[in-house]
Amino acid sequence: MDIFVQQIINGLVLGSVYALVALGYTMVYGILELINFAHGEVTMIGAMVSLTVISALVGVGVDLPGVVIVLLGLLAAIPVCMGVGFTIERLAYRPLRNAPRLAPLITAIGVSIVLQNIAMLIWGRQYISFPPILPQGRHQILGATITDVQIAILVASVVLMLGLTLMVKKSRLGRAMRATAQSPQIAGLMGVNANTVISLTFILGSALAAVAGVMVSAYYGLAHYYMGFLLGLKAFSAAVLGGIGNLAGAVLGGLLLGVIESLGAGYIGGLTGGVLGSNYQDVFAFFILILVLMFRPSGLLGERVGERA
Amino acid sequence: MNQKSRHAWLVFVALGIGLALLPFLVDAGLGRSWVRILDLALLYVMLALGLNIVVGYAGLLDLGYIAFYAVGAYCYALLASPMFGLHLPFWVLLPLGALVAGLFGVLLGTPTLRLRGDYLAIVTLGFGEIIRIFLNNLNAPINITNGPQGVNQIDPISIAGLSLGKTQVLFGVTFSSPHLYYYLFLILTLVVIFVSMRLQDSRIGRAWAAIREDEVAAEAMGINVRNIKLLAFAMGASFGGLAGGLFAGFQGFISPESFNLMESIMILCMIVLGGMGNIPGVILGAVLLTVLPEALRYIGDLQRAWLGHVVIDPSDLRMLLFGFALILMMLFRPAGLLPSRQRKRELSAAGDIAEQEQASVYDARH
Amino acid sequence: MKITFVNGLLAAVMATLLLGACGRQDGAAKDGEVIKIGSVSPLTGPQAHLGKDNENGARLAVDEINAAGLVIGGKKMHIDLISEDDQADPKIATTVAQKLVDNGVVGVIGHLNSGATIPASTIYHSAGIPQISPSATAIAYTAQGYNTAFRVMTNDEQQGHVLGQYAVTKLGDKKIAIIDDRTAYGQGLADEFAKAAQAAGADIVAREYTTDRSTDFMAILTSIKAKSPDLVFFGGMDPQAGPLTKQLKQLGINAQVLGGDGMQTPEYIKLAGADAEGEIASNPGLTLDSMPGGKAFKDKFTARFGQIQNYAPYAYDAVYVLVDAMKRANSTDPAKYLPALKTTDYQGVTGHIRFDQKGDVTGGAVTLYQVKNGAWQPLETVQSK
Amino acid sequence: MPGTESMAALLRVEKISKRFGGIAALNDVSLVIESGEIHGLIGPNGAGKTTLFNIITGLYTPTHGNLDFKCCSLLGMKPHQVLKLGIARTFQNIRLFANMTALENVMVGRHARSHAGMLGAVIRNAATRAEEAAIQRRSRELLELVGIDRHRHALAKHLSYGDQRRLEIARALATDPALLALDEPAAGMNPTERETLKDLIVSLRDRLGLSLLVIEHDVKFIMAMCDHISVLNFGEKIADGTPQQVRNSPAVIEAYLGAEVA
Amino acid sequence: MSLLAIQHLSVSYGNIQAVSRADFTVDEGERVCLIGANGAGKTTLLKAIAGMLPVAHGAIHFAGQSITRLASHQIVHLGLALVPEGRGIFSRLSVQENLAMGAYIRRDKAAVQQETNEIYQRFPRLGERRNQPAGQLSGGEQQMLAIGRALLSRPRLLLLDEPSMGLAPLMVKTIFETIADVAERGVSVLLVEQNARLALATCERGLVMERGEIALQGAAATLAQDATIQRAYFGV
């Protein structure tokens, strides 16, 4: 039993990481219907910047609690990522607003390659390790272990999701975002400057990416210029699973994907009598994803786009 | 024969001679590695034309296309290598690879029929990964694919006892292995181009275009959307399977790492960049994206020639420049380098009256 | 339609012809006759840090040899190291291999991964150019019967065997869990380890898998925890080994971690932090510090390129082995010095290098290291079979 | 096939109900369309007209009830099967293949009545060539019939609004229907344009012997053209009869027309 | 002085000129209708005035200020609102949120609340469904919502593009009553309408557009008597 609980906890934590990145994907998608393939790379930049600051602070021997140092790193990463997000939208996506649908996808891939290689030039090809400055407290729940960092990640993703949802549902900006998502022209008639709203969405999504980047690197203890690709891919899958464009869906999709992967890795062997092992955990995850989409073609919480004649 | 058609014939003949001589020119001017790059470019042309049927003609966004390439390659590799001790001839293996890949196309297409756009993309991406993971892990409990170690010592393609894997002297001319493969790939590429053209301009091609434009209207016009979609998947996949078989024979060694997601994305880039749905555009895109990263290897030499020494390590810059190239090409030619007739018009008259006048007439109504 | 195809192609060809023309004058100004040696490894992508390390190792050797002055066949020689990026992609590897051959290299140091090394070896073989891989460990590489394929690294079988035996007989661990990263390297090493460990009487209680991109191992480790093994063997590289060790400790698994050369790196200790303490990994050859010239190599390398990632010493040795064969054969012609390469008997910084029939390094020792006080300390050196 | 069995039931809609979630869009609606008649379907917005349309053409499956067309039940059929039996339609919000030419649009309409497959497309044998030529010929004829043949090489989306409506009709006609269903064909047209359209619709019945089902809000337009009218309100049929009968029905006046129109 | 003044206005798509050299004015408190065939350029003209399309030549002045080069989100602030063709409601937003979007440019929350309640009184159906997604409303209700939403930006001039499109006869009547009522309260109206008879009956002045040009303008009553117009647009 404690193994099962542990697997669920493992999955939830992994899923929260996916969820944090997926939130950024989904926000941008919601407003532009664009898969911002470079989002994973923005996360990577966030991780790299915060790590540089944290390492520098640790290096000069600043006498502050670990949590404060990490927060300082985060504070440095957020504006950088916001700037990166703003620039990407301005240079690579905005000029293609009215172009064929797949054109921005290609620039997104281009941006992704460019960001990776710039990061490689700046931070080198090595893996960068995260200084062990965070509290390492462990707690027991139902026979399973959970650490302080894991709890922090879980809490952060839920809080950020709630905050974002509240912002999008209740605030004037959130309403403008949703209106722009539906029709930038009509929103313009209401006095909404669609370009500003879209820029703000990218900036907000990138800030989220920065938070995600810092958490990922703090949790796993490492960062690398290539880390964004896989993370982005998983987060994108999570966003789609939940119903892309839907904030709660992104979090649900993320958590679910994490739990599926975790249970898959843990139980595939037993379920298949040892024929398949944890090497098929991604097969299992994709299989569930495909199954869900077969029955709910717009994701779990996605809007059913009823076919209108 | 009138003036115009005579002119066309001249161009055609000149083109034939040019394509026939190309590997020798390239070999003499740039070295044999460029003949290999040409070979790869031709493989990518076939792949891109295959994906073009699915994405360009039928409008189905497929991010797992490389799986069919893998299926074709493994079909060939497992049946013509010491792996099972089988050494079937290429004229069995290539059609078989195309056929099996086509079947996989139908198999993987079936569950995706109801999905659209990005949802379809993620599911096909998932299928692509699933196939790769299976190939990577089917070495136990029974060894079928040899897992991550890959399949080695695959038989080179051999036509009428003439192995393309070795240098051959024919009619007093020496052909190296990459040269020989070039001619085989060229012929098959021309066949694939021919089939692509014929399909586009046919009843089936129109049906694909119709479901790309509006699936509901297409179905209301009596098109069996399910079958016509599966046909697109199968056709595209079989091109991929064919190219995969050729790749296995050409390379002599394959392993699952050659069939990763990034490859699928690059093939998609080729057709979008070149001009989706337009055969010359797709060919140009495939050639360009194969050649460009290789051409960028010379930036070190360029620096040396212009600045006297290498300022920035070329390996640091190569992929960075490639990324910038992708962005810039798309910004300047958003419909692709050679857009299809329809897309071109779509852009030039970005807002024609009829459209603007009615764009939003009814969309708010249920 | 085909007109545009050809136009595009011709434009590309013209551009590259121009570029190529510019690129064909390198080394003209240097004194003495120029010989070219190729170095190939992934310089972009997830393994770029290891690839660059290989290139740096080779470059250090080449610069030393050039500085010392190389005379072969009575002529003064200058080595040009031509470095190429194979992106760890088998397809690009063959293109790059052909490019080096076109370029007139007389020997190649590379590639990094088995997946790239194997298809490329066919090209070097048909051109008759010797190839020494500093890091490819797959058995298949030297099993193809090519007389041009060599490696200065023990293969999976040799290293896996040593590790398997060591785990059971020396560490006395009977319940063993194995994780591999499903790469040619990780899977090959883990399989050979499993064979040897089972032969020595161990019980493989769990066999789990991850990928070479993963950072989260909680799920498989939780499964492993249920089997309470004495030892967890990891076949893979340090970016996974580090976090894996951390998460293993976090879950409270009380088992020895054991790994191969992919884990025996300073990076591993950085990534695993305090949790690395006490873990064991092997690396072929003797310890660098115990070798003549080893300390000097380390100092020179670190001063110029920073920390050694992993295989730089092997790339460094591989260059010397090539040049040694040329000197003995008194020729830089591959056809002439290839027989001399076969009879190599060279004392390098990684060990005493001799090749067997297939081109594998023989009698190569494997040294086991343990993390003590935050650094790798040699435990003992074992002769591989 | 058309016109021979005049005044026989072509389509019989029997007690059709349709629910979306909990909301009833249609409730026990029955009607009969005779061979060779123009049947009007009117009612306030949201009365369920388009829903009924989508059920008849196979886009929706009814919750209850039955549909008989000619010989067979349409229940459970997909749109392409319904079309094959002989029911073609146009859409309220014009759904042309926007980036195909007018001619290509109509040629797509011939899909269900032609056969060339993959192999034929590639080798382009005599049979395929002949079929292709027949498709082209027939499509040109239809474009001429609706009066837009001169625009055949223009992309559908570049046509004027009225021409798009006409093209949609030509495309539907290309499928050789026995029953043609038109969803608000006159929307957005001014009275003069409506007049032309009315003439076209009437001539389809008279010259081709088609039966037509037409949804329309313009009371004048529909009354002048239809042989029979059914009126829906809140998902129920409130009236059914000749234009004169419907015009005088108190229920229709109250729900739909308003006092002064009647 | 006129509230809206259009001078030599031309609007093009690519190389097609959709509106050419249009000249007209709308005075404070005036009701003007614009009639013409499909594709005559009526919608284009409205969109250009509201800043949704770029102006090729000519000038647009509103309340004495040039708005020729302003974007739509800037023009709203000056008191000009467009109820677009097809209503353009935000179908995924609730009725309440749609109205809130109408008041996007305003900061006086109390007054907005007050006016929103007035709209609910005027259209009780909207009040009943205020928390439902606007997409679930019927076509007529959506049209009411679109008008209510436009009013919440407190426009001095209201542009309406085919408000009767696709509506049942009874609903058309209600909508036109509302338009008349709005105008009663001093809001100027520029109305584009297919139903020329109804439009001319509602407005004081009429403009007739043909092939992108203003072919005719004059008092609505006079135009309604014009035989040519009767033939072309009344379908008699």
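Per-chain numbering from 1; labels A, B, C, D and E assigned in written order.
Just so we're on the same page, a contact is a pair of C-beta atoms (placed from the backbone, for glycine too) under 8 Å apart; a residue touches a chain by one contact, two chains touch by 3 or more.
Nothing here was measured: the structure is a model prediction, and the numbers come from that model.
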item: Longest centre-to-centre distance from subunit E, chain (CA-based); value: C
item: Selected interface, D-E versus B-C, where C-beta contact pairs are more numerous; value: B-C
item: Centre distance in Å when subunit C and subunit D are each reduced to the mean of their C-alpha atoms; value: 71
item: Separation of mean Cα positions, subunit E and subunit A [Å, integer]; value: 43
item: Sequence positions of subunit E contacting 2 or more other chains; value: 38-39, 84, 88, 91, 139, 165-166
item: Numbers and ranges of subunit B residues touching at least 2 other chains; value: 136-137, 216, 316, 319, 343, 346, 349-350, 352-354, 357-358, 361-363, 365-366
item: Subunit C: positions in contact with at least two other chains; value: 43-44, 52, 182, 209
item: Of subunit E, residues touching subunit D in the complex; value: 37-39, 138-140, 162, 165-171, 173, 194, 196, 232-236
item: Of all residues in subunit E, those that touch subunit A in their complex; value: 50-52, 71-73, 76-77, 81-82, 84, 88, 90-93, 97, 100-102, 104-105, 149, 153
item: Contact footprint of subunit C on subunit B as seen in their complex; value: 11-12, 15, 18-19, 22, 25-26, 29-37, 40-41, 136-137, 139, 147-150, 152-153, 166, 177-178, 193, 197, 247, 251-255, 257-258, 279-280, 283-284, 287-288, 291-292, 294-295, 297-298, 300-302, 304-306, 315-316, 318-319, 338
item: Touching residues (chain side subunit A, partner subunit E) in the complex; value: 172, 175-176, 178-179, 182-183, 185-194, 303
item: Contact set on subunit A toward subunit C in their complex; value: 3, 6-7, 10-11, 13-14, 17, 117, 120, 124-127, 129, 132, 138, 145, 147, 216, 220-222, 224, 226-227, 230, 261-266, 269, 277-279, 281-282
